[in-house]
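Heads up, the next two complexes both have subunit A, just with different partners, subunit B and then subunit C.
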Partner chain A sequence: MEKIRKYWNRPSRSAYVFIAPSIILLILFNIIPLIMAFGLSFFDVPITMNHATFVGWDNFVEAFHDPRFINSLKVTAIFTGIEVPVQVLGALVIAAFISKNNKRNKFLRAVYFLPVICSATVIGIMWRMILHSNIGFITAALQSMGLGKINFMNTPGLTIFVISFISIWRSFGISTIIYVTAIQQVSPSLFEAAQMDGAGKILQFLHITVPSIRPTFWYIMMTRFAGALQIFDIIYVTTNGGPNYTTESTVSYIYSRAFSSNSSMGYASAMSVVLFIIIMFITVLMYRRMVKED
Partner chain B sequence: MNKFKKFMALGLAAMMVTSLVACGGSTGNAKNKKSDSSKGTTVTFWNSFTGADGDMLVKMVDKFNKENTDGIKVKMDISSDFDSQLSTAFAAGEGPTMILSSSAYRFTYGDYLQDVSDVFDKTDLNKDDFIQSYLDYCSDGDKTYFVPFQVVGYYMYWNKDLFKKAGLDPETPPTSWDEWQQDAAKISDSTKNIYGSGISYDYAYQIAHIMQRFGGLAVTDDNGTWKANFENNAGYENFLNMYKDMVDDGDNPLEADTDSMMSAGQVGITVGGPWVTAGLDTAGVDYGIGLIPQGDAGDMNSVEVIGFGITTAASDAEKEAAYKFIKWWNTQDKDGSSPALEWSLQNGFPAYTYSVQNNKEYKANKKLSAMSAANPEAPTDFIVDSNFPGINSVLSDVIPEMINSVAFGNSSVEDALAKAQKSTQKIVDKYNK
Partner chain C sequence: MKKKKTISIGKVFFNVPVALILIIIALLVLVPVIWMTFSAFKTEREIISWPPTFIPKTFTLENFVDVQGRINIIRYIANSVIYAGVTTALAVVVNSMAGYAYAFYEFKGKTGTFLMTLATMMVPFQVIMVPLFLVVYKMGMYDTYWGLIIPRVAVAGSIFMMRAAFTGIPKEMAEAARIDGLSEFGIFWKIMLPQVKPAVITLVILSVNGSWNDLLWPMIVTSSTEMRTLANGLALFIGQNTIEYGAAFAGALVSLLPMFVLYMFGQKYFVEGMSSGGLKG
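For the complex of A and B:
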């Protein structure tokens, strides 16, 4: 007993005990499903898991011949291409303006953070009604200003931008708060020295703030990338992939194949694996860049 | 350490993606538990009635729990994600005693549903009181999968005020699709964002109910072989051309959500389920309800039947207890009222039994009378032959793609139909094997 106590009393070992609950949950709800998803991708099987047939690589071959899957990858890429830069850079600029701890900035931070704590369903329904082609408040306001009738939610080519806007509006608050925290950690003496050397606010921001918060920048970049590539909830509530599949993201399509009444779990798993490989590839690239810069 | 961090970062990214689809449990079939009596039994009851009708269902279930003298307790779980909840439970070898679902669920979950044809032997429910075509809809061969609970038909709704403003008789809705198109043109007013017709490009059920009036069923039984029926279907071609013309002429919006527009008084005529009335009543719209105009395909009464199903997870005692609930639901009290009647009156769904249809209060309800005016002898198949198991694929894949490609000008009507034929043929081939 004494031996066991001594063994676990070492700081390096007791740490494992403390993280054990998280590790167990991670294994149960993430690692095992992950392995199962890989396995399932080689079967033709509905969600009820009965009548499973081994089909080898057929699901992967089918995925790359499925126009909807290819289209969903394109939609996801477009969405990510809009959402990530706007969010990462936009939040940084806003954070720079509200980093000082005064009453006005604290109020603004709370306001920016509000959408983060709202459910995607509420946000989706709200924007769907606000931007409705006929009864939407913003649509009517723009029409009354003589800007014509803009069909925000039903115009291929436009709606993906609307979805990107809603997604950014919903989550930029959290990126902003993380930036604010990082900016507040930058030593004030650096700004004072720069000021004495005659550097203006913009130069201070570019040459002191930005380099100092680089790890935070990369953290936000990586998490937003992974999040954007998995966009689902806002699309599900607002457009459900329409119009004409121009907002159907890869996860939306995977969901429709996995959990609809005509469920095809094996095929959905195969598409998940493809998406996983894409995300893994991008994450590796970004991680290498981050390590290099560090 | 860096390698470890990298591994963790990659692992987390992987989990975020792939865990989405891998939440299903292990395989296995539920075993029937043995019990002698339903007395004191708990019936777990899952459904997806999350709206106002769900609130009523909660009250009704509470009423049963208080009233029944056998000590049966119905424990209800309403979920907006009922389908996923059910499929994952079945995959894990579990499930509720009783479900409320579309009779089409028999195609997906048939292996997990018990035969309920003996409900008429084990209770004093009168089989002859149930409209036969609806019972047939819940059956496949000798096996009955569901006992009808609600009949979901689609109906035509028209805004009487907009009819008056357009100089049309508000009591005379269109009776043909030519009249629909003509009335829509008269009602439309682009200066006020008013559209005569409200057919959504994103509402497969609505489109399916309309297009089958034009060109019949999309999948038919050709002497024991399923046959796709899109290509060279003149009826479907007429429907798509009519829809495209109305959109191009500004008489039908290019919109997914036409129900909200109808409630806002900006659509003259539309097609929808009985739930449309709730939005119209709340908004104070003066409207009429009628049957969807018939087209060249002839008389039809396409419906979807929602029914009580008993799963294989239920023991004999639980099944018996569930039967008692179903019996209670359909049994009249001394005043002639029954939960089924109350449900119809409050939620506006037409009845599936003759006794409720003949009730005075039911007959006095104009909406329900209009909905029950369909010929009960007319075929009830909805978009495909009622025994075709691939209905969900046709509704979720084929029809949306077809209507979207026409609505947004990606392809001609002929090309859209040819593509729909090809997609349906793939589905059909799967079931013809």
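For the complex of A and C:
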């Protein structure tokens, strides 16, 4: 025992002891599942999970002929198309207004960041109830303003916008704070020089702030895109895909095909692989822009 | 003089709408949270009355009793405490050990293993959830605490963060301790880890918040009612098209409160962890 301890206590060797737990866990629970996701997509795995039949490309062929899968891709695209631009640009504008370190701005930043600590479940209950058609406070407030009784959670065509809004509500605080940090690192002399030249706040924003924080902009774009393409929990706790599948995202559909009564793990894996390729493609695109701007 | 005046008028025109927008956004964040909090103390009759009230007419605690009657919320809270507590304790040890090794040691395969660790950061959880479930199932950990906890311990982002923190510590400190005869683990645990306290606190807060609020993984890996966490159990409770609104509000408030207290005391660490964690070094 003492011998073993001495052997591993040499700095060059103990490094392996230090990294071993994390490496083992990452291989077991990240790398192997990733490889398995690709492998499983070529198999038919029954719900009992005791054997698997090789089916070649069948799962992929089935996916692209599955109206629910195609619909889920569309829903995810619409959601991403609303959520990402509004959040990425909105947070930038807000950040520009609250980047100075004073009491008011610090308070606003603390408020905007608050949703980050709420679980999807809490956010779901909160928004589902406040927009509820029978008990919702906002529904009633809008009705008293003469807008009529809007059924936010159950109107095809509208509900996807509501989901996008809730998702932005949840995470714009992080985006804003990241922008604020970036803006604070822009040299103040640039702003002073612009002010001497008589440039107003808007011109300063467009000609100094925006160009200076470009890498941050692409970083946020990249992370928000990846996040939006994986949207699941907010949908699960609010509409669970309804009404009539108009808010069923790709991950929502994958989840229901993998872990419900008509479970088909092979098929779910094939859809995961398609999603993975889409996410990777966009991430690499954004990453290259980010590195170029840096 | 004249020029100055026009600027100040412009400033007013610019500042008032801006302040208004910033306040409206702040209200959009706060109103649902406050309304939910108030509603948890309303009677069921007041909740379903139309138009809905904002401030409760009568305060009651019956919703908190109700929710325990409908779902075993005390058990769910205990499960969430176990999940968040054990995951975080293990995460601190495992991830800071790895971060320390990458910052302080030279060894064969350092670049390779580090790149592999970084690569796992690119793998979206939603993409691997199906095979991950199979791995845990085949290991016999399905519907157990270990199945819930162990796969969530090692996090590449945390290793990366700890490595960055340790890189700022001079190597001479380790040398001095080595001459004093401390073991390698002793140097790490007693000398080095206390040096990076802010990073450790950030890791703790991120991990506690992440597992307390986690919905997807507990849903996948547990099946029995006794194993449900608070976030998971509440989501299933409201998913049954519940009309017991009061109980839902009370449950949500109970779930939010610990994180809110944590946020009040450790806002700095939340912000630091959430905004710097991830891909950027």
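To be clear about the criterion, the second predicted complex is superposed on the first by the 261 of 294 C-alpha atoms of A that agree within 3 Å, B and C clash if a C-alpha of one lies under 4 Å from a C-alpha of the other, contacts with A are read in each partner's own complex, and residues count from 1 in each chain.
Basically, a contact is a pair of C-beta atoms (placed from the backbone, for glycine too) under 8 Å apart; a residue touches a chain by one contact, two chains touch by 3 or more.
Since the model is a prediction, treat every value here as computed from it, not as a measurement.
*Asks:* Mind checking the superposed model to see whether subunit B and subunit C fit together on subunit A or clash?
*Replies:* clash
*Asks:* Quick check on the superposed pair: does A:110 touch subunit B, subunit C, both, or neither? Answer first, second, both or neither.
*Replies:* After superposition on chain A, A:110 lies in contact with subunit C alone.
*Asks:* I'd like to know which partner A:240 touches here: subunit B for first, subunit C for second, both or neither.
*Replies:* Both partners.
*Asks:* Of subunit B and subunit C, which one contacts the greater number of residues in subunit A?
*Replies:* C
*Asks:* After superposition on the shared chain, which partner residues are touched by A:154: those of subunit B (first), subunit C (second), both, or neither?
*Replies:* Touch status of A:154: first partner only.
*Asks:* Once the shared chain is lined up, is A:129 touching subunit B (first), subunit C (second), both, or neither of them?
*Replies:* Both: A:129 reaches subunit B and subunit C.
*Asks:* Touching A:291, do we find subunit B (first), subunit C (second), both, or neither?
*Replies:* A:291 sits against subunit B, while subunit C stays out of touch.
*Asks:* Which stretch of subunit C would you flag for clashing with subunit B, going by 91-99, 199-207 or 217-225?
*Replies:* The superposed arrangement places subunit C into subunit B at 217-225.
*Asks:* So which positions on subunit A get touched by both subunit B and subunit C?
*Replies:* Comparing the two interfaces on subunit A, one with subunit B and one with subunit C, the shared residues are 26, 29-31, 33-34, 36-37, 40, 49, 128-129, 134-135, 222, 226, 230, 240, 251, 254-255, 258-259, 265, 268-269, 272-273, 275-276, 279-280, 283.
*Asks:* Give every residue of subunit A touching subunit C within the complex, in rising order.
*Replies:* Residues 5, 8-19, 21-23, 25-26, 28-34, 36-37, 40, 49, 94, 97-98, 108-122, 124-130, 134-138, 140, 143-144, 169, 173-174, 177-178, 181, 200-201, 219, 222-223, 226, 230, 232-233, 236-237, 240, 251, 254-255, 258-259, 265, 268-269, 272-273, 275-276, 279-280, 283 of subunit A touch subunit C in their complex.
*Asks:* Could you pull out which subunit C residues touch subunit A in their complex?
*Replies:* Residue positions touching the partner: 10, 14, 18, 22, 25-26, 28-33, 35-36, 39, 47-48, 50-52, 54, 93-95, 97-98, 100-102, 105-107, 110, 113, 116-117, 120, 122-135, 137, 150-151, 153-154, 156, 159, 178, 183-185, 188, 209, 212-216, 219-220, 230-232, 234-235, 238-239, 245, 248-249, 251-252, 255-256, 259-260, 262-263, 267, 270-271, 274-275, 278-280.
*Asks:* Would you pull the subunit B residues touching subunit A in the complex into a rising list?
*Replies:* My answer: residues 2, 6, 9-11, 13-27, 83-84, 87-88, 90-91, 104-105, 107-109, 111-112, 193, 195, 201-202, 253-257, 260-261, 264, 266, 390, 392-393, 396-397, 401, 404-405, 407-408, 410.
*Asks:* In their complex, what parts of subunit A are in touch with subunit B?
*Replies:* Within the complex, subunit A touches subunit B at residues 26, 29-31, 33-34, 36-38, 40, 46-50, 52, 128-129, 132-135, 149, 151, 153-154, 156, 222, 226, 229-230, 239-240, 242-245, 251, 254-256, 258-263, 265, 268-269, 272-273, 275-276, 279-280, 283-284, 287, 291.
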